[in-house]
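After this come two complexes, each holding chain A, first together with chain B and then together with chain C.
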Partner chain A sequence: MRITQGCFSFLPDLTDEQISRQVQYCLEQGWAVNIEFTDDPHPRNHFWEMWGLPMFDLRDAAGVMMELNECRKVYGNSYIRLSAFDSSHGWESVRLSFIVNRPKEEPGFRLERHEMAGRNIRYTTRSYAADRPEGRRYD
Partner chain B sequence: MDVDTTPMTDAVNLRDELEAVGIEEILSQLDRELIGLKPVKTRIREIASLLLIERIRKRMGLASGAPTLHMSFTGNPGTGKTTVALRIASILHRLGFVRRGQVVSVTRDELVGQYIGHTAPKTKEILKKAMGGVLFIDEAYYLHRPDNERDYGQEAIEILLQVMETQREDLVVILAGYGDRMDKFFASNPGFRSRIAHHIDFPDYADDELLAIAELMLRDMNYGFTPDARAEFVRYIALRRNQPLFSNARSIRNALDRLRLRQANRLVADLDHILTADDIRSIEASDVLASRVFGKGGKSAEAG
Partner chain C sequence: MPPNELMTASIPTNRRSPPEENNMNMHSMTVRGKDRYKSGVMEYKKMGYWEPDYVPKDTDVIALFRVTPQDGVDPIEASAAVAGESSTATWTVVWTDRLTAAEKYRAKCYRVDPVPNSPGQYFAYIAYDIDLFEPGSIANLSASIIGNVFGFKPLKALRLEDMRLPVAYVKTFQGPATGIVVERERMDKFGRPLLGATVKPKLGLSGRNYGRVVYEALKGGLDFTKDDENINSQPFMHWRERFLYCMEAVNKAQAASGEIKGTYLNVTAGTMEDMYERAEFAKELGSVIIMIDLVIGYTAIQSMAKWARRNDMILHLHRAGHSTYTRQRSHGVSFRVIAKWMRLAGVDHIHAGTVVGKLEGDPATTRGYYDICREDYNPARLEHGVFFDQHWASLNKLMPVASGGIHAGQMHQLLDHLGEDVILQFGGGTIGHPMGIQAGATANRVALEAMILARNEGRDYLHEGPEILAKAAETCTPLKSALEVWKDVTFNYESTDMPDYVPTPSVAM
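Coming up: the complex of A and B.
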């Protein structure tokens, strides 16, 4: 199951050219672009690992693409996303975030129903991939 | 983008093309603002011509890869290496060789780390900032310390070389330094020598060029020589050249700064005098003559 998080995730995967254009837009807005990766695709997993430091003061997307390619070499079979941080006063938060790399196979989620007192049901989504230990989830 | 919108053509009017890019304007501006430096100007003219032809080739569907534009500037102190490097980024940008046109000016400190594992991120960060523009490495030979084989400079050099090779279209690297030491640096890092297409040597300035530089600098600062002062300054240049630690235009700039000091001092000394704009603008012969260069421990104890 293809996960859909952040911008553009209902579109076909962006090509490098398209990614580079998006990054350039971010840089022109004065946002710092970060590269993050994870192998836990749960939608509530907000804490992805950072690849290097946030990239402040860049002028051209080529620098980000260079880092992204490095990151793909190491974590090519995980989720990688770019996020753009706006440090200007009043925003101070992420303005744009989109997935730029995903595993070859995305096994998707299992829906668990916990039957509670009465006829209440609590739902839990659990990623099939997350059943395996960290680092071996998409081997 | 140009390629997609314009239909392929077989014949091109070179003159129209020249005007479209605005090369002549850039080059004549360079001629106006930089005195001397023939080899540098020639090389920039060549690069500009190459761009023109590249554009036309593209239009005709004769694609060729991005040309290597990495450069090394060698020359004595004060011959304008840094000035030209700063200028060249905007030239390359206007000619369309680099996308953004910023200059990131660094020395060894910004590239080389202090402990293991520190150098690579540091170098890469600088490279990323310079992408789309020009990376200017001043006194590049300090990157290589032949006496210490564990020096982290080598690591920075390797990363630089790799990026210079693989991302030629994203980044132009300019190395600068004094001639003899750069030669030694290239001799011990043959990879650098071969990846740099343009080795430009900055010649020393002739006396009349130094005078022209001085007058240009003064004009920019809204000062001017009186005719007498100008004649004395010609003598000053000839004398100063033979003294130790002469560094071309930099010595001239320092001399001018001292002239301004002495001029101000002279003006302040006479409080009853009503100053005109002309008085404040002009540097007189006595200001120049007060320099130590003329005296040999004679007229003035003042430095300079």
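Coming up: the complex of A and C.
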């Protein structure tokens, strides 16, 4: 399966040139871009690991692309996403987020159903990959 | 001043027209002293409801009415009557006024302007002291402002066009239970409009069949599906059946996509107790969102907004019934006022027009509604029908929803008119897709992502829109087929409600 989190997951994977243009857009808005990676892409896992701090005060997308390539060297078989933070009043949150790297195989999720009283069912979404220890999930 | 000239410089809250500019706004005619309280009937404009020298206080509520007096009725007297009948006055002088600080409680009409290009209609600006209103109650605010005066005989018609709500009053309301920022964080969706669809046909599907539509649409790529306004609990599908099957669909689609999904479970019912019961069940099942209809009334809406805040629930409002009083230009209440009231009342989503779809909505007026929902400060913009500066004092932002007769082929226009913080709902445009519901959803999502990508790259997406879509369709058969089926569908009809002021280019010297 293909996880479709983030802004551009329904398009063919973005090329580095396309990624770079999106980063440049974020920087022009005054947003700080952060690189985040994970091997636990549960839809409610909000806190992917940070590859350094959000890059504040950056003017050129090349800086982000350089870091992204470094991150890919270490976590090339994990999910990596770029998130852009807007510090302006009234937002103070993420304004754009998109996946820029995926593991070769995306095992996806199992939906567990726990039958409750009446016809009620309690659902749990479980990542197949997360059954294995952190760091060895996409080996 | 030519009647159609744009008065951008005017801030009606604190400007008094010089007499030579508008000779209607003459001095006060108020009778003072003991003559004021002589038994009998006195003109409203002499009773203290017409005060052209009055400067509204920062804490005053200000209402702008479009007044159409009966033939032969003096517009100033008609406007003063509106001020009187929406505050302290009755048809005759009463001595009991003298037991009160009557001058404070009298609403004061302080300005009357002829409406541009509309003979017989006048804009009346009326200021109300904040002490006239109960804190945190739309019911009280609306009972005061529109409770009595709309059937007043000396008027042919009356419309509440806009209101300035002072920060002091705004701060007595909870505001949107969740707000745009937290909704996006909770849903993990950033940088693009959200996508939804209303399940069709809106009547007759069994719970199981209904859940099928929800699953297909969410799995295909939508973020939300939606109950329609009249889906409550009918013989063909009782509410618990719908909720159970819908949540199976939501959870299955979440696992299939790795994304957070939601379906607006309509909890509208005959009593508050029933609504609370349905909302509690939705929460128990793990729904992220519930839905109510405008017809449940302002107090019920505020109650559900408080419930939603307490229970981490997004609250969707369907503006069912609003066109009965918002659509006609001469009589009723403008939707911009309803939007302001609903932001105070505390809903998270409100249908606010599509511009390009099948339902009423002129682009400039719609822009005004969207600004009211989403901005922390609205400067007066007469060309958008926004008459007052409005501070929202960090009240949460309200997500506008565009629904009704829109399809993937219009994506560039929708993004241009409505921006990024909006929910685009393609009901027919998803479910009516020739390759099925999943394909319909995918077509919409691909069209949207392609357009956002192009916009961020700095392309002139409005003009290159069809080209951008055609390119995206090369790798997406569902989008290709959507563009073919609906390529010629547009809804071009004259709007019945639009701004009275239009910009006129100034002549370069």
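By definition in this document, the second predicted complex is superposed on the first by the 139 of 139 C-alpha atoms of A that agree within 3 Å, B and C clash if a C-alpha of one lies under 4 Å from a C-alpha of the other, contacts with A are read in each partner's own complex, and residues count from 1 in each chain.
Here is the rule we use: a residue touches a chain if its C-beta (ideal position, glycine included) is under 8 Å from a C-beta of that chain, and two chains touch if they have at least 3 such contacts.
Note that the structure is a prediction, hence the values are computed from the model and not measured.
Will chain C clash with chain B on chain A after the two structures are superposed, or do they fit?
After superposition on chain A, chain B vs chain C: fit, no clash.
After lining up the shared chain so the two structures overlap, which partner does A:C7 touch, if you call chain B first and chain C second: first, second, both or neither?
second
Look at A:S93 in the shared chain and tell me whether it touches chain B only, chain C only, both, or neither; answer first, second, both or neither.
second
Is A:Y25 in contact with chain B, with chain C, with both, or with neither (first, second, both, neither)?
Once the two structures are laid over each other on A, A:Y25 reaches chain C alone.
Touching A:E67 in the superposition: chain B (first), chain C (second), both, neither?
After superposition on chain A, A:E67 lies in contact with chain B alone.
Counting residues of chain A in contact, which comes out ahead: chain B or chain C?
After superposing on chain A, more of chain A is contacted by C.
If you take every C-alpha pair with one atom in chain B and one in chain C, what is the shortest distance in Å after superposing?
Nearest C-alpha atoms of the two chains are 13 Å apart.
Using the touch definition up top, name the residues of chain C that touch chain A in the complex.
181, 184-185, 188, 190-192, 221, 240, 244, 247-248, 251-252, 254-260, 284-286, 376, 394, 397, 442, 445-446, 449-450, 452-453, 456-458, 472, 475
Tell me, which parts of chain A touch chain C in their complex?
Touching chain C: residues 1, 3-5, 7-12, 14, 18, 21-22, 25, 41-44, 46, 83-84, 89-98, 108-111, 119-123, 125 of chain A.
Show which residues of chain A lie in contact with chain B when the two form their complex.
Touching chain B from chain A are residues 52-53, 55, 57-64, 66-67.
Which residues, counting only chain B, touch chain A once they are in their complex?
Within the complex, chain B touches chain A at residues 99-100, 102, 121, 124-125, 127-129, 131-133, 163, 167, 170-171.
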